[in-house]
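Two complexes come next, and they have one chain in common, subunit A, joined by subunit B in the first and subunit C in the second.
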Partner chain A sequence: MACANLGRTLKFIMDMSFFLQLTINGILLGGFYALMAAGFSLSWRVTRIINLAHGEFVLMGAYLAWFLLNPKESIGLDIGIRIPIMSIIMVGLALSLGLLLNRFFLGRWVNHPWQRRSASYIAGIVVTIILYLIWSASDFTPIDPFLAIPLIALFFFGLGYIVQDTLLNRLVDRPFLTMLLVTFAIKIMLENFSLLIYGADPRTLNLAYGGSFWRMGESNITISQTRFFALVIAGTMILSLAILLRGTRAGQAIRATAQHRIAARLVGINIKQTYATTFGIVLALTGIAGAMLSTFQPFTPDSGSSWTLRAFAIVALGGLAHVEGIVAAALLLGLAESYVGGYISTGWAIVVPFAVLVITLIVRPPRIQASMMIEQA
Partner chain B sequence: MSSQNLAPPSRLASLFSPAAAIALILTLLFIAPGLDRSTLQFLTITLMWVALASSWNLIGGYAGYTDFGHALFVGVGAYTVGILLAQGDALSLAGRLTFPQALIAAFLIGAVFALVIGFPTLRLKGAYFAIVMLGMLAMIREIARNLPGVTQGGVGINFAPPFPQMLEIYYVMLIVTSIIFLTSLWIFRSQLGTMLQALAQDEIAADMRGINTTTVKIGIFMLVGGFTALIGATRAYWLGFANPDLAFPEDFTIQMIMIVLLGGLGRPWGPVIGGVAFLAIQNLLWTNGGEAHLIIMSALLIVIALLFPGGILGIFNSENRSTGSRLRRDQPSEKSTLLLSMTDTLREWQRPETTNPLLEGRDITRDFGGIRAINKINFQIQPGEIVGLLGPNGSGKSTLFDCISGILKPSNGEIFLNGEDITHLNPWRVNRYGLARTFQNIRVFEGLTVYENMLASRKWRAVPLWAWMWSAPPETRQRADEFLAYLGLSPFSHMSASGLSAGQQRLLEIGMTLMSDPLVILIDDQRHQSSYDRRHQNQHFTLESGAWTHIFPDRAQSPFRDGAVSPPLRPQLWIAHRRRHTGGSPE
Partner chain C sequence: MRKVSALFLIFSLWIIPALGVSAQGGCAVDENSPGITFGVVVSLTGKFSPEGVDTFNGYAIWHDWVNNEQGGINVGGECYRADIVYYDDQSDPDMVSTLVERLIIEDGANFILGPYSTTLTQVASVVTERENIIMMESNGADESLFTRGFQNLFGIITPASGYTETGIAALFDLGARTAVIAYEDTAFPTTLAQSARDHLDNLGMQILAIERFPKNVADLTSMFTSFRELNPDVFIGFGHYNDAILFIRTAKELGFSPDAMFIPVGASNPAFVSEMGDDADFIWSASQWTADMPYDDPYFGTASDYAERYVEAFGIQPSYEAAEATASALALQLGIEAAGTIDTDTVRDALQQLSAQTFYGAVQFNSSGVSLSEPMITLQIQNGDFVVVAPDADARPVWPAPTWEER
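Coming up: the complex of A and B.
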């Protein structure tokens, strides 16, 4: 009698701890999702472009993190592949530094636009070369993805600025089919590019602390360290995004442009530049999300669209209006995936985000449709 | 009268006739036995892409619903034949059916899937539809992977041994492609094609012209679902197996769309031309570019999407749909004589005989969140009356119109048309009860020609479904011709409606309301807008057509403001109040 009771209690405790474990995993996953979807929703809200290549940019971040952690292994790659990657990274970094210097720092000292521009880009190139020389002098020490965050953010900012400036700004007044096709083409392009370079095998980062975790007291509940760090980074990034949008002049310009493009232009905001900056920020967030992803999950070149659809599901669930909505929806999705994976099977957990996307759009379209009405007007 | 209007002018028309299509199909049929295996294989692949693109074109091009998950029907077809013809006995049916029977089953199951999927998703528009379908494809693929009892999971289904010969596959694919292509050619020339084009242009306006948009789009989606399942079934039969990744190929979508775009979106020959061009390019890239060919292809897609949105056919055909300044010089000369006969006809047309109010509103109220846009409007309009609806800006005139015509549902109150309660009806149904309207911001179907605009807004009441598949009957065409002549738009018949001036577009819109033979016409219009450059003619028209009941709203305080002689607005209906807050927040 007592024995049976004890067994039941034990089972309950086991169930409880299993449940708690799933909850913790779900929250950790949801934090990462929030970071990933934050960029997606920002570019959608501001530039009105639904970026179907979003997941590929996430993966690009992951591959960049892998490249920085395994430069030796990359050197083992074909030289015809290594040199292009290295030069792409360096060009992106140099451009990004130049852009930032030009827009935000040198304005105080150098007044003439041409002088300022050339000074900034030359400075960007010089700094990049110095960074490369330092790295090569240290015999290409592996760079930990968490330490590489500033570098990754910088590279992706430049990349986003350039992509928006050269390509995506052309989509602004086009029919949505053109927008979807062009971003889908970018997706295919990036996917096949990484397939060409890295092959179809899943890759993982071999971090020293990759498998380590904290145990909660005496229980079986564990918290993976990398996932926890990823959550912290995600929270920091989302907070700083909110501060950037609400507290700075650039953020004000971005929000004004999101509200009404023409009105913003009339009060003197450079729309194209604002869009480019926005997409730079978006890709910086996305790249960081990718680097975080690489620390706790294997990734393959063809898994990009599942990330895009997840981001979409989160936006559909949380709405475009507030960052809070995105965070809540991301946590919800993370929890749902975790519970389904724990109680049913991991196979069905993959179905969850797609089902959430489809069902949310079908059952509750108005909130998202309202933003579409603005598009049409 | 204007017989030249009946045939759309196109220099390419003779080249792209149905006869040419049949000749092409027969050629492909008879040359087949003499070809070697690799040529057959190449032709089969080409046919498959033409078929896929044709079926995508029906929903994405004709109806304007860009489906980014279309490959899911490929998978549905593949799994249907897979389950029916599988090795072993997963189902008791297995092995008892022949391939043609399985094909028919694939078509039916594809159509059923399309019905189930399309019913909820086709309510979404634009990019949202595209993305929900992308999600749907991923979801169904993963579900297929997780149901080993039905689909044998990730391993997939292997087909039972009698494997088909290449020639057999070629013939099956040719037949499937021919059916799809000829159907799309047929639909393009039928009234259904006009309906679909109208739907793609402006769904609300199409709805308001009496086109049952829900039936049309779900119907076409079912047809397309069945067609694509046929292709998927044939492909799976050829491959000999079906597994989730192969049966639900995500990259098919982009290639289908690319083919359609390359050839010409929304044109029946677009997929054929695009398919041949696409495979030629792809072959070239395969031999030279190797693994990078998809990268080059997608770069090409960006270029096409940005620089040549009309595709190959668009380059050749752009002249036809130009602004038409060339045409604007010849003004109608035959107008005066026609006008006489037309006005007689107009007088004779149905003057309702009842003395009951033709249109009646009781306590119509509409709230937007906390804002009450219109509050308890009551009116009764007798047959033959012309009523002006007046009120200051923002007093809710257009909202009242939207409520009457079914675009908005009133929060409270009832509306009767000719004794029938139309309060909760959809716009197309309201139109079929005999109410037509114009829109304040002119809504003609800009991508259609003026003549097609008229045909799209014909009287759809009592037109049976099968008649949709035929072209418009002669009396409808004649009627369109007469109205166009009456409105002075005959010279522009085959010009794209986007090339008309605002005043001409307004006239066209009035012509479109007349086409549906309505009891009541609501003209939502600012007086000075419609009298823009054809003031004279327009007034003449409104005066003479007094047989109908009209409601004019007027943004100006008085219809006589700018000194123009206005139509006899006898009883005037005023909305006097401004918006009121009833508490709560606006939507």
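Coming up: the complex of A and C.
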């Protein structure tokens, strides 16, 4: 059997189309990994949170995409569950809109904080209700996950802001282990919450174009359409993140806070608000990653840990300093998994993230440790 | 004399239906009746939960029937109520061991009804063997379960070697000559892959690749890219429900279109068709049981009667895992009734002598506790419906399946 495998491997190495296909698969996978890990890295870098619930937030994005595509779907979801989910989504949306208006848009026109806050949240509620009415008037038309991206991003931004503002900000000065334990508890809660609502059956999105592919000429090489679209979205989001961090005041505040919290506070940056905004952005990216995941892969409530692990491996490899590092590391991991899976076996591909993590932590400990030490300074 | 006959007739007309309705076994139970405790450890959450819930539902159907329609279990002329105590094992073998022990020692379970999957059955049966309690397992099909010399384990389902026999033979007859095999690296799928390889070898079919993948795998793109290069006639995949979905998604995404995709486990679940929609068409699968089978019994009626009962209770068609669970519990009940006691040794002897016809098919065990049943039937999904294509075909299989681009 070993000889047969070796012979086959040699044949494949010689086979260019096989190599190209694996490369394409690896890049498509890596692009998704980059989007998924971007949020993980940002929260680690800025708020010093190693979010062990990251994978579960990815899955929340996937489940939200599934819900928006199947609002009337009866599999596993009866009306008694649909209504609370719908309420959570609406409240989340209204709060997110209110937060955004209050923090970033109405500041120029309404000076009084209390009036600005009231106006923002009322506007948020009104817009949400209008959106709901439009959706219900169209008999809850399924919303394509790619079209739902703004909605998902908005919902997750609000969720992230609220989670950081109400819960994680209280733990900022606590020992590092406390933060790990809290995020671990959130992970368990989210996992079981999803299990209760959706059950353990794998969910897949039945998109009209789901599973469709482009064939390159007459060759055997194919490019999955959904994975390609997901790659485009990932690229756009990461670029937007880079622009946001480097070219906007909010981004500068985030970077300043990441560099030195006390110095940032001294120049007048509201640290807790910056943390909340950061975690809002983190979850928005993560939610979008989840929605993208749902378009090409089945998902179950207990599959979150593997995504957290991958995000961890990518951050360990790419470092925390630059988004470019994350993208490069994600592509490398995607390609490595693809080549190992193709030339050796899928079983060994699973080992790749673990191996990357262990090797990186041994070979490059200063960077990882330094990032953890910043806060202690 | 004529008067006596008339009175007898009236009495008969009144008493016989009354007996028939209240208790087929001449029994009736209520809350005060003595009970027999059946311990159930089953995966209501975690990886095995789709099939685990089906298994549990199957036991629930039997439990409801035996107490409310059968009037309990007739043990040596005394009527016993069937009590089920259950725990969710979360698809975790470590939990199974602890929970089965708890069922026996703390909850006083007299018998254990098995969990879903070979892996969990393996663990559970070690405890029941140690505690000398009979376990009727319903959804662990690996032969290795019965080669450990255990005396308290019984199973009514077709062992793993019978899963692919009829399907591979049918594919060979249609002209398939090459195959690739993918299997999850756990006990049951590994045994299935080995037996499939044996069947392929026996027919002289060429196996182009055998690839295993780890449990909880998220991406099979690389494996399917390799398979596509090999261009086999048939893809045979062994895993569980989750893997069946992943096989189809990945194959479609890569344009991997063998003449047939044979996924014996997972793809025969009615939920698979509703989840995959049109993509489920032309997939081959195997089943221990379908509602169309020509079996019947005095307990649940015909196979289709059973399916109707199940639909009424749960609103969905029964999977074969659910039917197996009901039939297993029924077989254990028949064993207890034949023994006339709940003593483990006597019930064990009675089960080994048991020969009964049920809605699920014939129930009979060899000395190791393995079912002496027929190989499984092979199904193909055509326009969203399961049709039997082997051994006695109800419809012509669609061969070769159209490519993903042609659909």
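Methods note: the second predicted complex is superposed on the first by the 360 of 377 C-alpha atoms of A that agree within 3 Å, B and C clash if a C-alpha of one lies under 4 Å from a C-alpha of the other, contacts with A are read in each partner's own complex, and residues count from 1 in each chain.
We take it that contacts are C-beta pairs under 8 Å (C-beta built on N, C-alpha and C of every residue); 3 or more make two chains touch, one makes a residue touch a chain.
These numbers were taken from a predicted model, which means no experiment stands behind them.
Within the superposed three-chain model, A:Gly341 lies in touch with subunit C and out of touch with subunit B [touch as defined at top]. Legend: residue contacts after superposition of the two complexes on their common chain; A:Phe184 is shown touching subunit B, with no touch to subunit C. By the touch criterion stated above, A:Phe193 is placed in contact with subunit B alone, subunit C being left untouched. Judged by the touch definition given at the top, the superposed model places A:Ile233 against neither subunit B nor subunit C. Using the contact criterion defined above for the overlaid structures, shared-chain residue A:Ile50 touches subunit B, although it does not reach subunit C. In the superposition on chain A, contact of A:Ser306 is made with both subunit B and subunit C. By the document's definition of touching, neither partner reaches A:Ile89: not subunit B, not subunit C. By the document's definition of touching, of the two partners only subunit B reaches A:Phe354; subunit C does not.
In the superposition on chain A, A:Ser224 contacts subunit C only, with no contact to subunit B. The interface of subunit A with subunit B overlaps its interface with subunit C at residues 195, 306, 345, 347, 350. Within the complex formed with subunit A, the subunit C residues making contact are 45-47, 49-50, 53, 91, 185, 209-214, 216-223, 225-226, 228-229, 241-242, 245-246, 249, 252-255, 271, 274-277, 279, 404-405.
If you check the complex, the residues on subunit A that touch subunit C are 1, 8, 12, 15, 18, 21-22, 25, 29, 75, 195, 199-204, 206, 210-211, 213, 215, 220, 222, 224, 226-227, 296-298, 300, 302-303, 306, 337-342, 345-347, 349-350. Considering their complex, residues 66, 68, 120-121, 123-128, 130-132, 134-136, 138-139, 142-143, 145-146, 250-251, 254, 257-258, 261, 265, 291-292, 294-295, 297-299, 301-302, 305-306, 309 of subunit B touch subunit A.
Here subunit A touches subunit B in the complex through residues 50, 52, 167, 170, 174-182, 184-186, 188-189, 192-193, 195-196, 305-306, 309, 312-313, 345, 347-348, 350-351, 354-355, 357-358, 361-362, 365, 368-369, 372, going by the rule given at the top.
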